[in-house]
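We call the chains A, B, C, D, E, F, G and H, going by the order they appear; numbering starts again at 1 in every chain.
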Amino acid sequence: MNIKEIEQLLQNVKDGQTSISSAAETLRSFPYTDLGFAKIDHHREIRTGYPEIVYCSGKTIEQIKGIFSLMAVKEKNIMGTRATPEMFEAVKSIIPEAIYYDVAKIISIKKIQSTPPDSLIGILTAGTSDIPVAEEAAITAELLGNKTIRIYDAGVAGLHRLLDKLTEIRKCKVVVVVAGMEGALPSVVGGLVDKPVIAVPTSVGYGANFGGLSALLTMLNCCAAGVTVVNIDNGFGGGFSASIINNLS
Amino acid sequence: MNIKEIEQLLQNVKDGQTSISSAAETLRSFPYTDLGFAKIDHHREIRTGYPEIVYCSGKTIEQIKGIFSLMAVKEKNIMGTRATPEMFEAVKSIIPEAIYYDVAKIISIKKIQSTPPDSLIGILTAGTSDIPVAEEAAITAELLGNKTIRIYDAGVAGLHRLLDKLTEIRKCKVVVVVAGMEGALPSVVGGLVDKPVIAVPTSVGYGANFGGLSALLTMLNCCAAGVTVVNIDNGFGGGFSASIINNLS
Amino acid sequence: MNIKEIEQLLQNVKDGQTSISSAAETLRSFPYTDLGFAKIDHHREIRTGYPEIVYCSGKTIEQIKGIFSLMAVKEKNIMGTRATPEMFEAVKSIIPEAIYYDVAKIISIKKIQSTPPDSLIGILTAGTSDIPVAEEAAITAELLGNKTIRIYDAGVAGLHRLLDKLTEIRKCKVVVVVAGMEGALPSVVGGLVDKPVIAVPTSVGYGANFGGLSALLTMLNCCAAGVTVVNIDNGFGGGFSASIINNLS
Amino acid sequence: MNIKEIEQLLQNVKDGQTSISSAAETLRSFPYTDLGFAKIDHHREIRTGYPEIVYCSGKTIEQIKGIFSLMAVKEKNIMGTRATPEMFEAVKSIIPEAIYYDVAKIISIKKIQSTPPDSLIGILTAGTSDIPVAEEAAITAELLGNKTIRIYDAGVAGLHRLLDKLTEIRKCKVVVVVAGMEGALPSVVGGLVDKPVIAVPTSVGYGANFGGLSALLTMLNCCAAGVTVVNIDNGFGGGFSASIINNLS
Amino acid sequence: MNIKEIEQLLQNVKDGQTSISSAAETLRSFPYTDLGFAKIDHHREIRTGYPEIVYCSGKTIEQIKGIFSLMAVKEKNIMGTRATPEMFEAVKSIIPEAIYYDVAKIISIKKIQSTPPDSLIGILTAGTSDIPVAEEAAITAELLGNKTIRIYDAGVAGLHRLLDKLTEIRKCKVVVVVAGMEGALPSVVGGLVDKPVIAVPTSVGYGANFGGLSALLTMLNCCAAGVTVVNIDNGFGGGFSASIINNLS
Amino acid sequence: MNIKEIEQLLQNVKDGQTSISSAAETLRSFPYTDLGFAKIDHHREIRTGYPEIVYCSGKTIEQIKGIFSLMAVKEKNIMGTRATPEMFEAVKSIIPEAIYYDVAKIISIKKIQSTPPDSLIGILTAGTSDIPVAEEAAITAELLGNKTIRIYDAGVAGLHRLLDKLTEIRKCKVVVVVAGMEGALPSVVGGLVDKPVIAVPTSVGYGANFGGLSALLTMLNCCAAGVTVVNIDNGFGGGFSASIINNLS
Amino acid sequence: MNIKEIEQLLQNVKDGQTSISSAAETLRSFPYTDLGFAKIDHHREIRTGYPEIVYCSGKTIEQIKGIFSLMAVKEKNIMGTRATPEMFEAVKSIIPEAIYYDVAKIISIKKIQSTPPDSLIGILTAGTSDIPVAEEAAITAELLGNKTIRIYDAGVAGLHRLLDKLTEIRKCKVVVVVAGMEGALPSVVGGLVDKPVIAVPTSVGYGANFGGLSALLTMLNCCAAGVTVVNIDNGFGGGFSASIINNLS
Amino acid sequence: MNIKEIEQLLQNVKDGQTSISSAAETLRSFPYTDLGFAKIDHHREIRTGYPEIVYCSGKTIEQIKGIFSLMAVKEKNIMGTRATPEMFEAVKSIIPEAIYYDVAKIISIKKIQSTPPDSLIGILTAGTSDIPVAEEAAITAELLGNKTIRIYDAGVAGLHRLLDKLTEIRKCKVVVVVAGMEGALPSVVGGLVDKPVIAVPTSVGYGANFGGLSALLTMLNCCAAGVTVVNIDNGFGGGFSASIINNLS
């Protein structure tokens, strides 16, 4: 809202074309509009089905119930990450339509259906132990209204499986690559596809992987351009970023 | 090359429509085609103007000259990152049209003009000391055929400058945020815009920033979803990833 | 006690105005007085209600009981930090008026009421998972005789809540900001208020937050001047330092 | 500016008591007022003599000159930290009244005199090698309009010097303690004085001090309550925070 | 498959000696042959008894059962590392001939007997607490078809035991040295024998051994040439590498 | 001693030029004397009462029983460190005279009484939580045949207690100082006494003490000369080193 | 061998029951045989041409000259690693036949020719910046009497070059893989070849490669079995270990 | 000075046996006496020849000159550590009898000769590159009035040299062992001698020695009891601690 628009509004108030209460309302909200908070919300309303997100870890069962019941009155989708089965049981007891993805540890409450874009998000893992993080990414992407394809256990030892699916991977608009241990898979994928690659290091491994540090550093030092990285075990972040890219037009 | 195409080729050989030597040549090269290396190159040729990239740091002047003169025979753009003025002088002595971006430390040889997409890449920095890394990102993005807007020195102390330019930033398809010290800017930007944010930590700072580790960890732990991270001081990686996203259709 | 005062005392002994035992007592204590230990205690006695503090973690139930019963004979307030419910039960069994703050994990025994200064200490958190540490800070500040206001869950995602309460925050004489994950909130608060900001990093988060290291480094590298930092999860230290500042005249 | 005030302003416009241009101006500025940026600036103007601060490190001589000449047109004090002698010469060539504190590496341009508060800021160092960082803190505090006392080289080996000056130290409203190597001095000072202690770790030392990490960790783990910490070698931050506390009323 | 072989195949198709479908099949698979995957497998088939390896840690009981039952249909040996007793019980319930090495935490299913090379692999440990890792190495080497000798608890304190067995150790073709704490044993062994030494750091120890980091760094900085290192606690990797070397002719 | 010299010596024996006992003495001392193993053992036997030491942690109950029953046949004292109550029960079931120090977690079997030197070993702690490590040091020193004095909880907050006991501390021949958190006590003690100070960092603390790293680094960077350091929580090492020094004549 | 046995042996010599040569042999072998030093030396003399090795870094020019002139009197090959051109000039001034490998920074003095084994050592690098480390490995291997093949710049971006040379690589008996940045190449090579792979991490890279830590951790966490690791930039260690393996029969 | 002594003194004042001024003087000084500072000084005066010590690193030439000229008026020995040749030249220009040990980087001014104890301090190094640190230890020990023996370059590769000198080493009362790289030498020495071993890690090495961290951790985790550790490259600390132990009676 620029100075011209403000003057016009004031002129309208002076002329009686706009009521004081209506103008006051417009003005009161503009700082936040300008700051973008309202805009983001507005944007999100248009993209129907975009969920509210709750990070459940470290919250008590009571806090979880409180937050979900507060949110459930709105006509919005809700998504809870890092949720334990106990948290889910508590949510389900007050919101029966709640669904639990146990590998991804995500609670979902779906009230509005969205139409996903045609383009695909690929979710790859190096090993089977990386699957829980990958599922967090995949379910996140799907709940945010995207189509995904999963290609799991395609690390160095199973590189031929990766190559077998290369055509399929190349169809994706963005690829999330989940890997622990040495975390070399994103380098390889980044060298083979010409699409944004989001690397998710996992804490899978032992010894000098230092809780995922090894995979994290590998991915940050990745020679293949086009690879960006999120936090260790942050499947949600990988899925969310992929969704933002997939929804670009 | 799928099984159908192979059978058709063999049928053509049997029918005499294709000579053995021609078919052999086609077949010999297909593993690599299938692996995607050729495809990538092919793809890159179509997107005219996409440069060959040389990482200059750690190479001798002689190696630099050798690599550039080898590349210069092709009708391709070339781009050398982390290049010193001495390296540039050596390249210029053999390729007079070479240009040097001294803040970004990039050598560019442009033979083919490309038509950039209409969408914009935003390049932000928290402080003025982050500008060299930001310029590496910006010049990279431009040499890869993108339009950019630069908003520098918009960190916490100059947050109003960020807010002043928010409308402009929101027009960008993807935003690269470069920050050293505490590296908090991507969190703020990620909370204000609904676009992919690529965070580039810099080694700017002292003491417990440990060569950029502080900013890197901040960005990896960023609460604002939609933020992904590249290596410390890796302006090139930030610009390259932004370009890949900006060129998605 | 300077040389003049000592000579005067000795003169008084010689003159019979002061008894030997009384003078000996005065002299015996003066090294410590000079060292300041007595002075501190004296000062604390004046500021009625200032509690004795026990760091309970790592002590056995028996040690806890012993320490509290020893202290309880004095007419002083007592405060035990990092206390488990079991420790509290043990203390309560011998000192029935003991109170337990279960979120803050603090045991309090209040014998003397103090008059708090009019000025306020603000306690902010970035997320709900940071509340236990913030409560340790808030209860500490209150037991040390201060008024507090709590503003919780005001991180990047809820920045408007922070801005909504800015007037309230600006009324505080000192602000304690508690944040985990990327720990960026103190930077933002430090840029908005002109008061001392004490940043308390928490171990909330996962992956590359490395047990709070991420938030700690962010806060230490904070660009906004006026921000100082205490140990990870050290709500007590934050509340205590805030109290010292709040009681400055 | 709440909804009541906005409605009153609009009523005044409607009634002709306030001109449209005047009201528009009031309204245009309120988001930032609300955000507090203007307020801070306003506040700073009242506190006459408060300088603009420039972090010189990592900037080119040209950037330094540009920033200082831009600032010099305002009637404000200016202060440049981490400035090399070369930077100072460049500034002095355009602003002759510029002064250089070579140990503190600070450039100062003083246009307005302020009246310092009566209370004192104490600046202590453990060793003589810590003096440059301490001087940065002391000069910063002085340029921000405070009186200081310096007590240098009072570490463990010179503990008696500290005890000799204890009365003097206790007169200070806030104490900045600068120490490298094992960084134990703030613990000792914190145990002896009942004032806020701001600990500044330095990178002085060798081997397992790891560039100041040793002193930093010592200070963060300080048992003596009332001690807060700033970044390694961050004398400016120590002096600035002390100034904010010293100016509290 | 070189260009000659391809041309011959095409000639055979043209001549009708090879059917199109047969030739297509041959050609379809050659990229992988060329990549070496098939070759490796072929090689492994020749070296009869070489097991398939499953990394069990982090997999669910259900996943373990699925993987083992899938593998068990082939006439191959199988070996599962980092397997818990529960995992073994699950495997045994479907494959009764499964054997469990409880110290090494390895499940083995042996269908084919191999003839081990005459040369020996030596497995040494510094202490008794390193034995589980050493057993993982020893059992791995044996299941891969090697003869081993074990010399345990031969660290600095028991150096004479090492010297007593030196003749025996020198008979080995390759030596695996397992050590935690300071990890100095490989340096000593590397100085005494003229054979490849594979050092396996363990997480045995406390305090500043930081989960095996101490032993790892010692081994990497080992002055004695001829020592190479695997990951902390990676007995499998040590045994596997030793086996590859022992089978070289 | 080369083959020639040996043959000459043997020839001399044969010729009667050298007596058998003289030649035997020459030969006997050249391998083991040179290595020193025998000497140490011999030395230990002379210093009656010196125990055999077993590091119990990480060993199974069966291994513990085996080791102790093997040792118990000799007329020697035995000492087991890091022993759990379960381990003690197992040892006691076969060696009834075994004693358990539960705070120090040490099992002792005493068969021979030694006469301790008159000089004292001082054991100090900064806090009460450091007592288990200090007890490990104290009991170790006592079982190795030394007299000790314990001064616990004498950290910064209780510095006057340290000063009260300074005369007593100065009587010790060597002082072991145990401290967690910031670990500053050895610096203070090292500045006050003119005796060897052995600093034992403990893992007591939280947050940025990183499992004792903070105290360890403080002690290594200790300005006070005469302070040496052992591993984190290594009370045994502190007590053992103190004993060696205390037994020097 | 105790004093009794020695005396008996001497008695037998005196009595003529044992010949001097037989007794000498028994005696000669018991100290050093047991320790092995002599054997190693002996072994090295047999394997003619095996050089003496000098680690030049950190030594003064005078020390270097002294060491080389001392060694040069023996009929042995000499090899100096990490040698600067200045060191070489100093050596050449006294030993004219000295040769300098400037990329590998190795000084060689060859007096004896050896016959290399027929088998090959492969030396691979990921990038051109890794070549100095690779040359150190290659020249070391050659000076130790081995044949090598070099395949440089075969990282992810040039993976096809690796695949092109796969047949050649497979002919090698052992492969040294040198890589900086993310260090993923050994994982890929380890998955493709069935030979011992020695991974050499380099400090090539920037930012979060932390002086080679990134590549080191990647290699230690390598999923492909058969890969062992040496110190960062330790080309010598890689070449030496490869030589030991290559000379196994 | 206990309460009895104070009362006696007061009685003497009352009785006129002691003058007020004399008693006042006695009393004034007792806190510091009690704190031990004077005592230490007194003690040091008795032990004639004990030098004042100046840590020169990080001080300016002017500061160095000032400190030395101030000290030189007293009849005391002076010793400056970490001194550059430039510092020495400056000192020599004002104190001509100053001596410089260039390898140890120590300035010495000797005014008083002391009689060293008969017992020896052994100084060992693993390699020649460790000599500067060892010389700092040796010269320190000698200037503090001790006899030393040096055994350099006795690491793993030269272990026989160590064994050759074992008798000599065993004559020492205390041994300082200096080692970089893997730092294993103190473990070996600690296993061979029954004397206090002070381990000094050095920053000699490269790659994963991380500036001496590797050797430091090795020494801290040393299995051989009786080994204590000082800071990386802290030859002075090693020599000083050895001197304190060597002077124990």
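Methods note: contacts are C-beta pairs under 8 Å (C-beta built on N, C-alpha and C of every residue); 3 or more make two chains touch, one makes a residue touch a chain.
Only a predicted model underlies this, so the values are computations on that prediction, with no experimental measurement involved.
Traced through touching neighbours, the fewest hops from subunit A to subunit F number 2.
Superposing subunit B on subunit G by their CA atoms means rotating through 90 degrees, a value rounded to the nearest 5. Of the chain pairs listed in E-H, B-G or F-G, the one whose interface repeats that of C-F (more than half of its contact pairs identical by residue number) is B-G.
Distance from the subunit E centre to the subunit G centre is 24 Å, each centre being the mean of its Cα atoms. Between subunit A and subunit E the centroid-to-centroid distance comes to 40 Å (mean Cα coordinates, whole Å). Once the centre of each chain is set as its mean CA position, subunit A and subunit H turn out to be 60 Å apart. With centres set at the average Cα position, the gap from subunit C to subunit E is 56 Å.
In subunit H, the residues touching two or more other chains are 34-35, 127, 159, 163, 207-210, 213, 216, 220-222, 231-232. Pairwise, the chains that touch each other are A-B, A-C, A-D, A-E, A-G, B-C, B-D, B-E, B-G, C-D, C-F, C-H, D-F, D-H, E-F, E-G, E-H, F-G, F-H, G-H.
Only residues 32, 35, 37, 55, 57-59, 63, 201, 203, 211-213, 216, 231-234 of subunit H touch subunit D when the two sit together in their complex. Listed in rising order, the residues of subunit C touching subunit B in the complex are 126-127, 155-157, 159, 181-184, 187-188, 190-191, 205, 207-210, 213-215, 217-224.
Residues of subunit B touching subunit A in their complex: 34-36, 39-40, 43-44, 53, 163, 166, 170, 173-174, 192-196, 198, 216, 220-222, 225-232, 236-237, 240-241, 244-245, 248. Of all residues in subunit B, those touching subunit E in their complex are 3, 6-7, 10-11, 13-14, 16, 20-21, 23-24, 27-28, 30-31, 34-35. Residues 127-129, 159-160, 163, 204, 206-210 of subunit G touch subunit B in their complex.
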